[in-house]
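The two complexes that follow have chain A in common; it is paired with chain B in the first and with chain C in the second.
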Partner chain A sequence: MELIVGTVTNMLISSSMFILVALGLAFIFNMMGILNLAHGTIYMIGGYVTYAFAVWVGLNSWAALLVSTAIFALFGVFLEKFCFRPFVGNFDAAVLVCVGITVVLQNIVNNMLGTQVMAVPHFIRGIFRAGLVSVSYERMLTFAIGGVLTAVIILFVRETALGQRMQAITQNREAALLQGINVNRLQSLACAIGCALAAVAGSLMGAYTNLSPFMGDDMLATILMLVILAGAGSTGGIVIVGAILGSMNAILPVLLTGDYAQAIYVVIVVIILLFRPEGFFGHEA
Partner chain B sequence: MEKRSRIGKVTMKVGKSRLPVLCVVLALMIAALLLVHSLGAAEQKADQPKTLKIGALVCLTGWFSSYDIQTGQNEPQLVVDTVNERGGLNIKGQKYKIELVSEDCKSSLDGVTAAATSLASKGIKFTIGPAAFFGRASAPITTRNKILDALGYNVLTPDEIGPNVPYTFAGFGGAAAEFLSGVNFVKAKFPNVKKLCMVAPAGASNKYLLAFQREQLAAKGYEIVGDYVVYPDDTSDWSPFAAKINAIKEADAVMWPNAIAFHVAGMVKSLREIGYDKWVFESSNVPAQDIVKLITKDSARKVTTGCFMPDSKSNPPELQALIRKSQAKYGPDIPLSMATATATAVLLDMIERAQSIDSTEVKKKWESMDGQTIKTLFGPGIISGTKTYNIKGHGLGNPVPHQIINEKGEVSEGGFFPSGPIP
Partner chain C sequence: MNSQATTHTVKRKGRTRATRGAMLGLLLLLVCLLPLTTDNPYWLHIFILTLIYIIVSSSFRFVSTSGQLPLAHAAFMGVGAYVAGMASTLLGWPAWVTIPLGAVLAALTGALTAYPFARLRALYYALASLFLGMAIIYAIIAPRDWTGGRPGLSGIPALFPDTREVFYYLCLALTVLSLLALYRFEHSRIGTTLKAIAQSHMVAGSVGINEVFYRILAVGVGCFFAGLAGAIYAHYNTVLSYTSFNLMATLWIVIYVLVGGIGSFAGPIIGTALLVIVPEVFRELKAFVPYVSAGILLLVVYLMPQGLISLPLLVKSWFRDRADRKAIHVK
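Here is the complex of A and B:
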């Protein structure tokens, strides 16, 4: 029974983190058609920047998180203007730029800090215990923040004027331009939001697990699968598929051993794509 | 012009007959000078140390680099520096300075293959590393090129050390010695523990190592409860595995023979969060201070590791000297292992014992020392392992230090425990 309770808790946490990071990637992909392969690295560096402000500068963990989020929002604007905007429509060049950013940032962190063991200081301490349920407050907080941010983003996209304009760009960029929508400004906003979400997730997971220069690699592989499975332009699809992949991530290691769980995970995703190449909620080609 | 006077003729004859003699003497003097000069030059050359290159197969990039840069490159470099400061190796009167040549294994088996091939192409005949399960990718290449490889860590597969790869040796006890020492430690310090939940990373869960562990535990009177809990080496979310461990209720404690600091910290934190309060016995070289640093005393409780205390009086003098050198060069906060450093020291010792830089001669010497005790950084080591590795003289049993993190999260020394000879 405890195993079931523990697994359900893990499902919720994994799902919320996958959804949070994937929303950021989806924003950029939907708006600009660019698959930001540096997103995993931004997730990683977000954690390290929060650590730096919390430990080296001495800020409270929450303040460090806010500062890190603001920094990466600005970084998102920079990325859009100088790294993505020149290559809209040029998939190959955009991929190369993203790979370059990833390699440079990863190796800088690895060379400077790779041999040092680090974790973001606790955001909240203590363990909640009630019967069979035993969960740290930090894990509950991670799930809560992930859930709240996801809801805010979905509401923003569906209910606000800015969000409606972003959807218009996603559906037809040229038509949106003709309607007088400032596409470049909204793309910058999308990138800022996407990078900020990645930084928040990286900071939360950096406290929940540990920091490593390569913690973004696994996350990137997962969220790429998530975004592709969800389908282009589908924010709601990301939530549903995120829940599915988060559940698989929590359940398969319990049922299977070692690397088999990872292999089965990928096989299931491939099989789904064979039957539904446009993803669950994407539009048929 | 010939002089007609008697004296002149005599003079002329004497002058003529002296000239050849003078020429001969002059020639002899020049030859002697040349000979003396060349002998002096040879003697001078013999005084100049030559360079012996040792290859280091080390993960400089990728997920394993956080462990391997320090363990597989920086610490062996300290050993090399120490040997060179003492004048280098003395092989049949010729001095050899050691140069460490690192190749990046990129934390992957393909990367190891490429790195080993690169070192072979450079004509290097002695190597150290790679660590952990990576050795099975380098062993076929080093064997094919007759490169003698001293592993810093091995996980008992015949692909790493065995009759098919006769040029690979254990330069450090590795999984076998750490495990045996760990069992001896638990038996001495925790005599009430009888039933164990076993945990292993995927890279150290091969059938040979698990069979070895099961056999040794049974021989010492321990019972393994449930299946091994095996996790991928690059795991970042530990909660599913903590849930699995928590579900094995009959176990008195967790035994975890192989891990790195990130593994232990993440898993122990997840275990404590779900209320699992039993001891975790980890016996590979993970600094306990790093676990406390990563997950704080709130979670880092009731854990043992197979690592030394940097300031312990129990540390052998050579080990302590290297610890001080590392702290001076790389800072006091860098985690220390000294596994591949031990392999480096043992390799250089064997080269000097063989009095040869021919890898085959050193191999023969090493194998001939089966059953003998040698000096290692961790104390006296026994060359052994014929049954375990199916080849004579390729294993090494050495003492392993242990640390204890108590119920309050305080780190203390557990002492050095011998592994004994590897079966």
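Here is the complex of A and C:
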């Protein structure tokens, strides 16, 4: 029972966090055609910035989370203006810029704090108990925030005028420009949302597990898989594929020992990709 | 008039070829003399690593001429390294057997995996091969008893334990041979075919080119040299860790190639030499080494979009523009 409850909560938490980070990557990829290889690093730094505000500055955890989210929204605007916009349509240069950012940020964190074990202070304490089931509130909260934010973002993209303009850019950049949509501003908005979501996810995971300078690398690999498997231009697909990957990520280690589980997980993804390169829900081959 | 122009160009071409040959000879001589310039074994270590990574990045570029971005390349280097390392630690085979074995097995795994991957193109190929690289790395570290798992494989016999100089010359010879082979491949009918496939697989298919065969061939040849470099690395370093071959390692190879210039044969060589050697100049400030690399990287992206190889052209055009402006001013 313990094992089942633990696995189910792990499933829910990793799914919601994967989806949250992947949404940002997908926005940037769909609208600008740039694969933001620095997204995992932003997720990692997001956790560290929240830690810095909560522990060093001494803010409340929630306030620290808000401040760090705001900082990363601004960082997203900066990133779009100086690092992505000049390289739209130039895949090689975009890869170089993103890797450059990753190397710099990751090394700053690793050199300053790499050896220390640290975690974002808990957002909430206590354990929920009902009969045989006991789950910490922290885990429930992580899943709840992830789920609510995902729902809000999807409603935003589908229902509001701004979101629909973003979808128009995804479908056809030139046509969107001709319709008088301010493409640059919406790209900024997408990058800001994407980076902010990554920072939120990093902070939540930093409270749920420990922070590490390399936690972004695994996340980057997972969200790349997620976005490609979901297919270009699909936000709903990300939720479904995110749930599948999150479940696999939680269930496989229970059945197999560590690295075999990882190997099988990646091999399954590669095989799916070989048969459906355009992803499950993509509209272009 | 026309024939005159032709003879003129032929003459010029002949002259550049001669000067080119002389310059290459001079460069080779300098590289041969390099170990004599320093007593510090650490620099020799850096030079050996540079040579090994030149093989890897040049073979990466060779695969990329066929329009495929092989983001599993460091993993194939790992296949070569681990095959050589395991053959010598578990079976006790000598290095003269294990190094070719590593190269051949890396080429075989590369070619076998290339067959299903030949249905993917462009970005989808790049990402699928990235995941393939991850799968290979996990497959390497999962059987802990044979490969040493996450802590790594240790106790591989060094090829020349006493002198690094001999190893340097061996590496140099292998690097020069590999580069010659890759150059010949690229400038042969095969290389032209690969470039045709990269430009348009449909046109290439319509003139009777077997796209799948040539793409597998490109990956096989590229992985052979990656595996060769890995096997040499195994017998040089004597300890292997999966972190030398994972996603970040592949991204560094991509960086070496792109910083040098992916469009030219000399690009990966220049990029690797610069990015491996220059940060070491700053190694007294150990923490700053990654920033130096990243700085070079960002400088190249913003100032030289075609890579470092385009620097002379950029300088030339800058001077010409300035001369033009001056001429206008005088007028």
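Keep in mind that, in the parts below, the second predicted complex is superposed on the first by the 284 of 285 C-alpha atoms of A that agree within 3 Å, B and C clash if a C-alpha of one lies under 4 Å from a C-alpha of the other, contacts with A are read in each partner's own complex, and residues count from 1 in each chain.
Just so it is clear, a contact is a pair of C-beta atoms (placed from the backbone, for glycine too) under 8 Å apart; a residue touches a chain by one contact, two chains touch by 3 or more.
All figures in this text were calculated on a predicted structure; none of them were measured in a lab.
Undergrad: So, on chain A, is it clash or fit between chain B and chain C?
TA: Aligned through their shared chain, the two binders clash on chain A.
Undergrad: Check whether A:37 is in contact with chain B, with chain C, with both or with neither, and answer first, second, both or neither.
TA: second
Undergrad: Which partner does A:154 reach: the first (chain B), the second (chain C), both, or neither?
TA: Neither partner.
Undergrad: Return first, second, both or neither, reflecting whether A:262 touches chain B, chain C, both chains, or no partner chain.
TA: Once the two structures are laid over each other on A, A:262 reaches both partners.
Undergrad: In the superposed arrangement, does A:224 touch chain B (first), chain C (second), both or neither?
TA: second
Undergrad: Can A:274 be said to touch chain B (first), chain C (second), both, or neither?
TA: A:274: touches chain C, not chain B.
Undergrad: Does the superposition put A:96 against chain B (first), chain C (second), both, or neither?
TA: Only chain C is touched by A:96; chain B is not.
Undergrad: For A:107, is the partner it touches chain B (first), chain C (second), both, or none of the two (neither)?
TA: Both partners, chain B and chain C.
Undergrad: After superposing the two complexes, find the one stretch in chain B that runs into chain C, choosing from 134-142, 242-250, 296-304 or 368-376.
TA: 134-142
Undergrad: Which parts of chain A are in contact with chain B and also with chain C?
TA: 107, 217, 258-259, 262
Undergrad: What residues of chain A sit close enough to touch chain C in their complex?
TA: Chain A residues touching chain C: 35, 37, 86-87, 90-93, 95-97, 99-100, 103-104, 107, 111, 217, 220-221, 224-225, 228, 258-260, 262-263, 266-267, 269-270, 273-274, 277-278.
Undergrad: So in the complex, which bits of chain C are touching chain A?
TA: Interface residues on the chain C side: 116-117, 119-120, 123-124, 127-128, 130-132, 134-135, 138-139, 141-142, 144, 149-150, 247-248, 251, 254-255, 258-259, 262, 287, 290-291, 293-294, 297-298, 300-302, 305.
Undergrad: Under the touch definition given earlier, write down the residues of chain A that touch chain B in their complex.
TA: Those in contact with chain B are residues 2-3, 6-7, 9-10, 13-14, 107, 110, 114-119, 122, 125, 127, 129, 134-136, 139, 205, 209-210, 212-215, 217-218, 249-254, 257-259, 261-262.
Undergrad: Could you please specify the touching residues of chain B with respect to chain A in the complex?
TA: Answer in residue numbers: 61-63, 65-66, 69-70, 202, 205, 227-228, 230-232, 234, 236-244, 246-247, 261-262, 265-266, 272-275, 290, 293-296, 298, 330, 333-335.
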